[in-house]
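Structures follow.
Both of the next two complexes hold chain A, though its partner changes from chain B to chain C.
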Partner chain A sequence: MNALTDTVKASSANAATAAGQGRAVLAAYRRRVRWRVGALVLLGALCVAAFVLDIMTGPSTLSPGEVVAGLLSPDGVSNAQRTIIWNVRLPYALMALLVGAALSLAGAEMQAILNNPLASPFTLGVSSAASFGAALAIVLGISLPFLPREWMVSLNAFGFALGSVMLLQLMARLRSTSVETMVLLGIALVFVFNALVAFVQFASSQAALQQLVFWSMGSLSRANGQNVSVLAVVLALVAPFSLAAAGKLTALRLGEDRARSFGINVGRLRFFALLRVSLLAATSVAFVGTIGFIGLVGPHIARLMLGEDHRFLLPASLLTGALVMSLASTVSKVLVPGVMLPVGIVTSIIGVPVFLLLIFWRPGGAS
Partner chain B sequence: MSDVGNKAGLAIQRFSTGYRKRAIVKSVSLPLLERGGVYSLIGPNAAGKSTLMRALAGLQSASGLVTLDGHELVGQPLAEWAKRVTYMPQSLPQGVSLNVLESVISALRATPMEGLDSSDAVKTYAVEVLQRVGIVELALRNLGELSGGQRQLVSLAQVLARRPQVLLLDEPISALDLKHQLSVMRLVHELARERSMIVLVVLHDLNVAARWSDGIVMLSHGELAAYGTPAEAITPATLAQVYGVKARIEQCARGTLQVMIDDLAEA
Partner chain C sequence: MYHYLPRNRMLGAVLMLLAALSPLTAAAKEVTDLRGRTVTVPDAPATVAIDDGRFLLALALIDPDPISQLAAWPHDVSRLGEVYSQRMIDAFPALETLPSVASSAESFDMESMLAAEPDVAVVSLSRGPTDAQVATLESAGIPVVFIDFFIDPFAHQGKSLELLAELTGNQAQAQDYLALRDAHLARISQRLADAENAAEPSVFMEAHAGITRDCCFSPGSGGVGDYIDFAGGHNIGADVLEKASGKLNLEYIIAADPDVYIATGGPDLARSGGLTLGGGYAEDEARAALANMAERNGIAELAAVAEGRVHGLAHQLLNSPLDIVAVEALAQWLHPTLFAEIDPAATLAQINQRFLAVPYTGTGWVSLEASADAEPDDVAESDNAAQ
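Moving on to the complex of A and B:
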């Protein structure tokens, strides 16, 4: 591998300068990597802080000390506090972190494989498909005999979300569709499913309509130990595969032909990335309804902070998504005193200004 | 297997490729391209140069024979091509938040490469490549901040770093100033000899092609229009026929060919 070094044609003085220059570049690069690791640790710490803040917030405010004590040694706090922390706020707070992490990671992968910064589970129809699935379950009351009705809504939402990604996948495979076409198909799916949801709403009863509207707002209120565990398991299973593909995803950013010529099977990479996206997005949406902008804003913040080396971008997206969602969950409890707003409303209210800020404030003015 | 199939080098015979049902490159056969040689692929717009290059990199399906040192490549999976042949597309995508060094490192890490087992080896080698291409001072600049010419040099560094046995360069100097055109062609020429690598390069400037090539492949409407040394392939007759221009070919005082275009060829 030193075929290049020993042929540097220069006087010994120049060679020494070149070696020094090389060392300086490597040192600077290593500093940058250390900074990125530090940024990931910082994001992790902020997530923990936001998580504690989320548990503190509510009709009866707890102190940070009480929350930490209540979580680490439940016997050390009063019965009432223990119940509030463990039974009421912990599932919500965990669900917020997990949903944020899952949607943001899904968005980051989608943006990489579709080469489009606007791609996210929300903008490409996954969430809309889930809404339609949930709407069918709620309004038509379809239910398998051995499943509680609440699970049926989630399962149906999951099925439709998974189906919509598979449909995208299928169309892409069918006639080697370009990436741009896939994005357009995704957008078309948003409109189709939104129209179908509207149709179901139009045809549904008053009671079902209310439930449906609430579902489509996106809310953490259905969080419980079971579905939090399911989402945690899905995230824990999928994330390592995402990280394992990080090197290939980064190389794909250099252009599809180039990446393929480097030996990457781009079709396969895309297929498995979309599979991961569909699992993450479908599971999240099935439990909390449609939550917009996290899948878009999380990866954008991560990219601005750390660039597009996906070994850092993917974990950073996961953390920024968790952080923003956790903060949104806190805000949803304090925005209107005494009322817990559906968190989906808050993410969009927070998400849009953040998004606009990111669009207009670009470091270096790069396009 | 053909008679040239077992010699060291790249043999291309009856090679055809295209999109869906439209044939773009039609049964191109070339004499053996030898290791260490620089070959220019020239021809007017839409002659099929890029399509031929992509197909030779295994990026699209093709028929015919392509053998490297006797190994048949047509019909092999992409991974087999990628081990031996690397293609440099005309451009790098816009709006990528990677710096120059990272982009070369990610090219090295895309799939495992021999002799680059440790993370340190990868980084050190990436810096060496940047030094060799002469852009080490750009190492920590973001790709988005670079000029078109600088991006082209980074693009070249990425493919050189892969150390292929066959390097396919699609218009590598189109955005470069005179000095950088010279230094890139000289570097490519040197590396071809050093690594005994076969370089096939798409060029528009016939004077550059004439000066740096061991052989010229002239393509017209997807078919081979002329092949040979620069003096054999670039003639007033082929230029009139393929490019539709009236040209003079003269030798300058130093012996290299100079192509001068005087007018459109008479129909």
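Moving on to the complex of A and C:
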């Protein structure tokens, strides 16, 4: 009897400890979620701060007060000041945020579906295809009757980038879709398109070559109201689908078979993720040229801070990309006042130290 | 392997003998090229090869038959402009059948240059052969002379033209031309010096206007910017760019609000919808293209545009010894009253008539101010800006 009561006591004690453990795990989980939500809020706040800094910085002597006044009541400032604020600083700063967010989100999805930390939107030839599309538009001077010529280069770049992903998808379908095949095919596409661009350069006249070189140097200074809005719309349409797929992507990171056992159609997941990546990357490249570093490192910075849970990793990547790009935009204006440095150079100068800092000093949230 | 050696040695000996004999067979002289190298060239080279089609314009200036001594050229008609090239070919059909060498825009091609067998290879300072390739060419008996009309045009035009003249035996006509050029330049510098305290208007010169959707490539310190300084202006690009050219921040230009906006362009910008003028373009076409440039984001708001100080200039005029025409146009734009009676068109007509084997036609420079119907608007706009 005693023994029995002892057993009962023991088992109830066990249950109590199990419940206690469960509570502890839950509490730890909640703490982690709180930290992650907090980190997202912090990143968001940093993005806003970087954007404000970007808007306030420039080679002219506008004071922060004048910038705010110009933003609030455009008619209250001089013609030149209004142009600087509304036609130069605002579109450039918005474009920096949007391009950074788009490329970094695309990179995070790419790294998830290919299960490859070296993947970025440009690994599978998206950017090479875009360059080839732009090169053809520039060299052949093709145009459509209803479209201004300046949009043709962007449109063609976009078409080729999207086409390259479709081609990749098609080839991957013909053979059984494995990640390795896909990466290999993508790398083959990179080389094919690079060779084609080189050939176009070789065959084109001096004038077209010059234009091509200028086009391929990534620059935020092509930003204007129209293309900023287009990229904003693309990002707003694509990002919700990315976030909706976050849970499945997390499962995919546990392994393809594991993901299948959860009832996830991996092929379909991969296809739509690729589609989103190509939309984001192609639109960005079409408007600002090649800015390579963000798509690779933005997601890694987010991962080092927040770990693998894609429900947090994807929005965090979006924010880290926007943050780094926005800071880079500010620095590119400040380094040599009056001169536009190619922003791609600056993204590396800004991004690498942040990246190294995180690798050597991991904040508590990293799992 | 050793048994090849004697033959190699024999070949070497023969080559050395030939090299030693060549100064005896043809009288040689020394010239100093634009790289500062002292080059031994034949006294009267029978043929030269060039690596840039635009050198033809300089040759046409000093030689009534500019291709008589041409061994090879790169057939890069787009650089010279399709229209001018065609007129050149019409005048000298042999141009089309001359051997081709790689242009300075491509990587240097040894074989085509060797195959052309020129007595002298005239190459571009900007992107000619490497030192090793020069050594190979010279060991094959082809001396290499570097000239330049593009990197530092203002300083190098005269010297480059003299070198070309020296190599082709056209010194007399080149001296005549350079005398004319010097006289015209002196007239401008003298008048600027006499007009003490003449204000130096600030200038934004947009190079390759409209080549991409965004703007603001500009000459910096030296290079094409020297022309602005010489014509009595202040190049705002030189304040921030330490190199010869670069890309300015649009905001910097708006904030600097230059007194004069000058766009440079050429037929090559047709594809990108940029500033098209020069050979083959009528004045109203060039003016329409310039008006498009002045309507772009940021440029449209400049006081220079509102007040009608908008001008277009063909690259070709800055990149050749025809630059005095460009300098006169610039001087007139920057100091309209001081240089009221200067007439670049008359200068060009004189050059066409006295010197150029194939006359330069087309609209080399154009201004927006001349459109009479736009003037009331301009005044209204500047009034608004003043308020």
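Just so we're on the same page, the second predicted complex is superposed on the first by the 314 of 367 C-alpha atoms of A that agree within 3 Å, B and C clash if a C-alpha of one lies under 4 Å from a C-alpha of the other, contacts with A are read in each partner's own complex, and residues count from 1 in each chain.
By our rule, contacts are C-beta pairs under 8 Å (C-beta built on N, C-alpha and C of every residue); 3 or more make two chains touch, one makes a residue touch a chain.
None of these values were measured; they are calculated from a predicted model.
> If we overlay the two complexes on their shared chain A, which of chain B and chain C does A:W35 touch? Say first, second, both or neither.
neither
> When the two structures are overlaid on chain A, which partner does A:L254 contact: first (chain B), second (chain C), both, or neither?
Once the two structures are laid over each other on A, A:L254 reaches chain B alone.
> Go through the superposed model and pick first if A:R89 touches only chain B, second if only chain C, both, or neither.
Second partner only, chain C.
> Per the contact definition in the header, classify A:G22: touching chain B only (first), chain C only (second), both, or neither.
It touches chain B, and chain C stays clear.
> Kindly classify A:G263 by the partners it touches after superposition: chain B alone (first), chain C alone (second), both, or neither?
So A:G263 only meets chain B here.
> What is the contact status of A:R222 with respect to chain B (first) and chain C (second): first, second, both, or neither?
second
> One more residue to check, A:D309. First (chain B), second (chain C), both or neither?
Once the two structures are laid over each other on A, A:D309 reaches chain B alone.
> Considering only touches as defined above, state whether A:F199 meets chain B (first), chain C (second), both or neither.
neither
> Chain A touches which residues of chain B in the complex?
Listed in rising order, the residues of chain B that touch chain A are 54, 57-59, 78-79, 81-83, 85-89, 91-99, 101-103, 106-107, 109-111, 115-116, 121, 123-125, 127-132, 136-137, 139-140, 142, 144-145, 155, 158-159, 162, 190, 194-195.
> Residues of chain A touching chain B in their complex?
Interface residues on chain A, with respect to chain B: 1, 3-5, 7-8, 18, 21-22, 25-26, 28-29, 32, 115, 117, 247-248, 250-251, 253-255, 257-265, 303, 307-309, 364, 366-367.
> Taking the complex as given, what residues does chain A use to touch chain C?
Residues 58-62, 79-80, 83-84, 87-89, 138, 141, 148-150, 153, 202, 205-211, 214-215, 219, 221-222, 224, 333, 336-340.
> Show me the residue ranges of chain C that touch chain A in the complex, using the header's touch definition.
On the chain C side, the touching residues are 76, 78-79, 103, 105-106, 208, 211-217, 239-241, 246-252, 254-255, 257, 266, 268-273, 297-298, 301, 384-385.
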